[in-house]
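There's a structure below that I have some questions on.
Letters A, B, C and D name the chains as they come in the text, with residue numbers starting at 1 for each one.
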Amino acid sequence: MSPTTELVEAAYQALATGDRKQIEQYWAEDMRWLVPGNHQLAGWWEGLDGFFDFMSQVGKLSGGSFVMTRSAILLADGWSADISHNVGTRTAARDGSTSPYDRLEIDVVHVLRWRDGKVIEGRGAIYGDGTTQFNQFWSQLAADATRVAA
Amino acid sequence: MSPTTELVEAAYQALATGDRKQIEQYWAEDMRWLVPGNHQLAGWWEGLDGFFDFMSQVGKLSGGSFVMTRSAILLADGWSADISHNVGTRTAARDGSTSPYDRLEIDVVHVLRWRDGKVIEGRGAIYGDGTTQFNQFWSQLAADATRVAA
Amino acid sequence: MSPTTELVEAAYQALATGDRKQIEQYWAEDMRWLVPGNHQLAGWWEGLDGFFDFMSQVGKLSGGSFVMTRSAILLADGWSADISHNVGTRTAARDGSTSPYDRLEIDVVHVLRWRDGKVIEGRGAIYGDGTTQFNQFWSQLAADATRVAA
Amino acid sequence: MSPTTELVEAAYQALATGDRKQIEQYWAEDMRWLVPGNHQLAGWWEGLDGFFDFMSQVGKLSGGSFVMTRSAILLADGWSADISHNVGTRTAARDGSTSPYDRLEIDVVHVLRWRDGKVIEGRGAIYGDGTTQFNQFWSQLAADATRVAA
């Protein structure tokens, strides 16, 4: 069975509420999520609890500034993919900084696997050289190599 | 109009023949292709001629060993995405080497845009920390930092 | 006043004991240390306490396997530099693994500034493409993108 | 025999003239030079001819804007090291761009080996996360992933 565009949108909207009850309707308890790159948030986050930990870190490190704008949703039996333009500013950024350690602007695709109307696996991937910029943005370093408190 | 699974498969099979006549049936003359990462093959290749240049470099640097195995094709109006497991060995690899500068094994997604039954844009993106491995594999360096002749 | 080869060797030998009393004879309380690359240990560690935190993390993540072999010590007024071959195995490594996420072997140089016979600043830097390997070795990822517990 | 500060300075000044006759007085015909990072200029350049090729590429890609400012020279028997602040702008840079793909500013150390008053080997290494910035600056990519003509 293929998910629909409406189901994918609903799943992301539930996520945006941060409300676990709503999220559990679309995201399976045993789901896992793979964050691309090599930085403190990269790798497999296991379980819905792990996914919440990941989102909590994103919110904390970016001061809630992280915004994803979807431009297309692709579907197949048991699969969806969404194309997204992601921007954010680091909580620790200096005012007006354009450094890639402070500001992020990348194009990505998330590929989701579905089972019984719920996401059981998600993997992000980044276009162009955005992975270098993602590694800089989530770095434990500021642009001057100061270690940023987690 | 949405491409079909059969159309996407046919487009990749045409590509595998290397025969320009067949390829032109599925890939537009003004297409462009974005290779992820930061290495000698990364970035936008412009036009079908540019795409041929890219594929020619891939063949030369990997001695024709580069193999893509598709596991799913996703669709939307004007879009397709295919999930692929890619492996290859560098032409200059030392026998039996397991170094990431010699051997590549990554999971990727290609996202294609279609117009009138032909691909007009393709962008690759890599899961996990595969971009680091992609950068090493296409590096102008061998594992010991010797410069490998292009 | 220039440090001597003997003084530099004595400072590193004091460090190897892990004994704070001995270490304080050669390393200033307000020293700082810059670890190269972009990974969980990278950046400026502030103060002798920060430097101890850094070394404690190195020991924990590498199970005490990290070994530095010096081949030369260079000197100038207020400066020293030592050339070192560094090897280590990650605590979480799989047996016999040759993956750069598990095994490290790099050539580095440490540049130290001295004041009144004590180190006040140290900066490491890595030859060749060793920084990529350093980033993999200290990654929060295993080779399969599993997140390794800190 | 140890090189002197004056000899090291003279060697770099000869290099800056670009005059092969003068350069040959300080740099051995069979010298080799290791450029750090993973990019089109990285790795071992073999022989004085190779070193000239490397410098020619640097000049071409940076439009002669590359400037090294030395702050210290360290010495040992058969060795020297110089600490340098390096800045440059890419030939293809957009006006006023602060992107790391266009502008470079890093702190480095060069470690040289000497024989009979001439350099026989040089290796560069970069402090902090400057290697990421070096990889971006010498990338075949512009900030928007356009491929920059070599």
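Here are some notes:
We take it that a contact is a pair of C-beta atoms (placed from the backbone, for glycine too) under 8 Å apart; a residue touches a chain by one contact, two chains touch by 3 or more.
Owing to the predicted nature of the structure, the values given are computational and were not obtained by experimental measurement.
Chain pairs A-C and B-C differ in how many C-beta pairs they share in contact, with the greater number at A-C. With respect to chain B, maximal separation of chain centres occurs for C (centres as means of Cα atoms). With centres set at the average Cα position, the gap from chain A to chain B is 25 Å.
Centroids of chain A and chain C (each the mean of its C-alpha atoms) stand 33 Å apart. If you average the CA atoms of chain B and of chain C, the two centres end up 39 Å from each other.
Counting partners per residue, chain A has 34, 38, 42-43, 127-129, 132, 135-136, 139, 141, 145 as the residues that reach two or more other chains.
Of all the residues in chain A, the ones that touch chain B in their complex are 5, 34, 36-38, 42-43, 72-76, 79-81, 83, 107-109, 111, 123-132.
On the side of chain D, the complex with chain A involves touching residues 98-100, 127-129, 132, 135-136, 139, 141, 144-145.
Partner chain C is touched in their complex by these residues of chain A: 34, 38-40, 42-45, 135-136, 139-141, 145-147.
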